[in-house]
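Both complexes shown next keep subunit A, but they swap its partner, so subunit B is in the first and subunit C is in the second.
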Partner chain A sequence: MSPTIDVQDLVVRYPRGEAVKGLSLTVEPGRCHALFGRNGAGKTSTLRALLGLVRPTSGQVKLFGLDVTQHEAEVKARVAWVPDAPGFHPWMTVAEVLGYAAALRTRWNLALQEHLLTRFELDLSAPTSALSKGQKTQLALVCAIAADPELLVLDEPTSGLDPLVRRQFLEAVIGVFQEGDPAKKTILVSTHLISEFEGVVDGFTVLSGGRAVLSTEADVARARYCRLRAWFDVDAPLGVPMKTVKPVSREGRMLEFIVDAETDAARGWLTAQGAVRIDASALSLEEIFLLAA
Partner chain B sequence: MTASRVSWWWLLSLLPVLAAGPTRALPAVLVLGAVVFAARASSPLALRLRKELRLAVLPGTLLLVCSGAGAWAEVLPASGAVAGLVETLPWVLSLVLPTAALLLPMVAEYERGTLTSFFLSPLGARAFAEKFALGASLVVLSWLQVSASDAPAPELWWLALGGHVLALATAPTWFFFARKEGTSLGLVTLTPFFVATPIGFLAGRGPVLAALALYGVVMLAVLPKAVRRGALGLPLDEALSLPGARWAARLAPPVISAELTVQRDVLVLALLGCVAFAGLFFNGAAQAAPMALFLLCALAASLSPALAFSESARLGTLEPLLVVLPRGAVFRLKALTSLGVTLLGCGVVPLALMGASELEGASVIAAFSWLVAMAFFWAVGLATSVHGAGVAFAMVSAWAAAFLGAFVQVLVFALVSLAVGSALGSGHSRDGAMAVVFFVSIGLAVLVAWRRFVHQPAAPARLAVLAAGLSVVVAAAVGALSALTSPAS
Partner chain C sequence: MRWLVDYHSGVPVYLQLVQQAKSAMATGTLRDGDQLPSVRVLAEELKVNRNTVAKAWAELESEGVIENRQGSGCFVTGSKTPLRRAVRNERLAQGVDALIIQAHHLQVTDDDLRALLDEGLRRFHQTRRASGRGELT
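Showing the complex of A and B:
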């Protein structure tokens, strides 16, 4: 089976400069993959190129094994998008927006629509101009999920939402969207709120300056980076012989450092140095992002 | 656009004014001083002024070029369509452009979200005063240019004065109280036209002054409250226009229905044109009625693609459409709906009205020219709207491009015809030749729009310049052919 997303050497250049500089990315079906990066790292430009909103300057973008520029209609029939600031015609009611969105699609899951409307408590007769930001995002999510897409693209979906709406949103995305056929339902999310997606994403790519500086599975990353704290009866050693990803912190008899894929070797070395206590803890995705970005 | 390029645009538009004598030169020197100061100095004032000059470059230079167009009559062929265009242009545009020159920079700030800084800054009042002073000097300069021209009729002179005075009176009120968006700007810009035109044509200066006073009261007292309540967000109250549009839209599928509802302001504007036409016609101003109708229909024609593309991009409804449909399909959907509404609202209905009034619009050739003109304004509007600029900017760009484009084409056509050896005639063969030129321009404008929207070329400006150059070459070629094949008149 072709990967859902297959990006090779993507370059997106605007008149003011290059936003994406040779990005490669592969996401298999059924995965939830995140794009992490600082402002201006190229996340949104990458998503826009995937969605056909900007034409790539060079490189190849394939969704479901199809080139997005050559098979536009086939690709777009299988993709849905929730932007960070959803826009609706202000004179339309919630019901009219749903009718409008359904009219643009070949498939529409009415039962799923009703289920989500009940879950979000959205009033069908309410005009969209009277909806809050959270309700607009919920409505955009209903429009996206009810279309029964195979790829759901989320661009900063939870930014600016209150904690309750954020939780409802994530539950809907993971619980409802991936419920039916989890092996085929893929999610690509771009976000700043990394901790929100800590237990949700299967893999992630950290973008910096338009390039991927780290692309890995979430579990692999957690296993790879390890924070070690050791206490000694005497002053802690001055240096660490293995590869660390952050300057070593030494305070009296305590030594702290983060190792890159050499946890066992580091533990052995600490024991040999006479450590009386060693604590090892996996890094959160946010900490890994801060190391990589 | 870089700061140096902005300065060059200002200098180019000011040079003819400076060369036109001391009456016009004095305010021009002041503006020139501001341009030079902004370009050379590095103080906070220069920085603010540079920003204002950048924001005002399009409407400001267009205002100066158009209001100074009277001087061009001396260097152009003294007969036919060119002379008529040159004589009429500054007077007609002086009703609309001064307001646009003052308010467009404010709309730009609103649309970019920078206007709030005015109200939060301790120097906000001073910054606003500078903004208004620059706009006011442009309006005064424009008026000096218009008044120094040979007035074709006293009514037009008073109308131009009305347009300029109203612009100065309106700007502060609008800035502080109105919703700063394209449609609100459209309302304020067009109101002088609605108020002053019928009275001005019918009765001369006294009623015009009364109308100005009434308008001032409305602007200062009534309008701010109305816009605060959101009653005038559209050119007409949404409560009036929306049910009608919805009734028609319900008959169509949801996607077409949404596009038709977006176009409601076009129909409202065309309807106002018909009302203005009927008012003028039945009050004895039969000659002025078609011109008023034409201008309003042309405005509506250029507004239509701006609503379909620019307004949709501003509302955030364009991108969701692009995510689910191919770009070409979205372009066709929006462009064809917009063209259909334009041809119906700005073509068929006005022509039927003129036909019923037994005016010149009833003849087949005049009706054909009318439709070609509407399609021309629509096509230029389409080319300037597809890249998602605000509605106000898309419309001003469209009008600038349409007027200058039409002017240059007519001029090139006429000069080449003359150079080849035939006097500029007014026969139907010439109309046909000009129609060919405009058809080519319409085709090129649609092609530019298609390329910009669907294929997203890296350098859209280069594409537009190329298309404009090509249309001028066609105008020259058709002019030469026309002169060679037609008998001299």
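Showing the complex of A and C:
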């Protein structure tokens, strides 16, 4: 089976400059992949190229094995997205928005729509102008999931929402979107709120300046980077002979550093140096992002 | 039972679930015939990917400690360990090594470590007897 997302050497150039500078990215069906990056790193431009909203300056964007620029209608029928600030015609009610969205799609799962409306307690007769930001995002998620897409694209979906709405959003993505055929339900999420998605993402790519600076599996990343803190009876030794990813911090009897893949070797070295106590803590994805970006 | 995920342990999330299930079975929190939470329910609760929970349950099933009954869920199958002795010992050896290294770091003597181990085993069997499961053979 073709990868759900297959991006090769993507360049997106705007009159004001290059937003994406040669990005390659592959996501297999059924996986949840995240794009992490600071503002201006190229996340939104990458998503826009995937969704066919902006034409790649060069490079190739394929979804389900189909070139997005050549098979626009077929690709769009299998993708749904939730933008960071969903906008609806203010005069439409929730029911009208759903009817309108359903009319534009080839597939529509009414049972899922009803289930999600109940979950979110959305009032069908409410005009969208009366919805809060959280309710607008919920409505956008109902529209996206009810369309029964194979690929769900989430662009900063939970930023600016209160914690309860964020939790409900995530539960709906895990519990409802992934319900159908988990092997086919793929998620691409761009987010600042990394800790919230920590357990959901299988893999992630850190973007910086329009390029991928780190692309890895979440479990592999957490096993790879480890913060070690050691205490000695005397002054801490100088010079750590392992590969570290941040300046070593040494304060009197305490030594702290982050190793890259050499946790066991570093522990052994610390013991040999006479450490009386060693604390080890794997880095969270957010900490790894801060190191890489 | 309460399931927990620690993202600072460096242990893959699915493996943490496997280990928690096994330790719950060993201590009697989970018993023969008990049902494990469904993939969906636990994934939503822990805010983890469903594939992660599914992978953990598949691992437990392949080791023969749970049984996936089509349509009705996953159930604990029993205390019989289908793993060969060598495999079991190999799995334990890693934990034992880690324990010895930690004891060394904390400057715990070999005798103190043995005493702690004996004490731990005694408490473990006491808990099991209290929950009506008898000794491990």
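Side notes on the structure shown:
Simple rule for what comes next: the second predicted complex is superposed on the first by the 293 of 293 C-alpha atoms of A that agree within 3 Å, B and C clash if a C-alpha of one lies under 4 Å from a C-alpha of the other, contacts with A are read in each partner's own complex, and residues count from 1 in each chain.
Keep this in mind: a residue touches a chain if its C-beta (ideal position, glycine included) is under 8 Å from a C-beta of that chain, and two chains touch if they have at least 3 such contacts.
The model shown is predicted, which means the values in this text are computed figures rather than measured ones.
Touch criterion met: A:226 reaches subunit C, while subunit B stays clear of it. Contacts of A:175 after superposition: subunit C is touched, whereas subunit B is not reached.
Once the two complexes are overlaid on the shared chain, A:92 sits against subunit B while remaining clear of subunit C. Looking at the shared chain after the overlay, A:105 reaches subunit B, while subunit C stays out of its contact range. Of the two partner chains placed by superposition, only subunit B is touched by A:15; subunit C is not. After overlaying the two complexes on the shared chain, residue contacts for A:79 are found with subunit B alone; subunit C is out of touch. Looking at subunit A, you'll find no residue that touches subunit B in one structure and subunit C in the other. Per the touch definition, subunit B reaches subunit A in the complex via residues 238, 242, 246, 253-255, 258, 261-262, 315-317, 319-329, 455-456, 458-459. Per the touch definition, subunit C reaches subunit A in the complex via residues 5, 7-14, 40, 43-44, 46-52, 54, 101, 104-107. Here subunit A touches subunit B in the complex through residues 13, 15, 51-55, 57, 72-73, 76-77, 79-81, 83, 85-92, 96, 99-105, 140, 143, 147, going by the rule given at the top.
On the subunit A side of its complex with subunit C, the touching residues are 30-32, 167, 170-171, 174-175, 178-179, 182, 196, 198-202, 219, 222-223, 226, 263, 267, 271, 275-278, 280-285.
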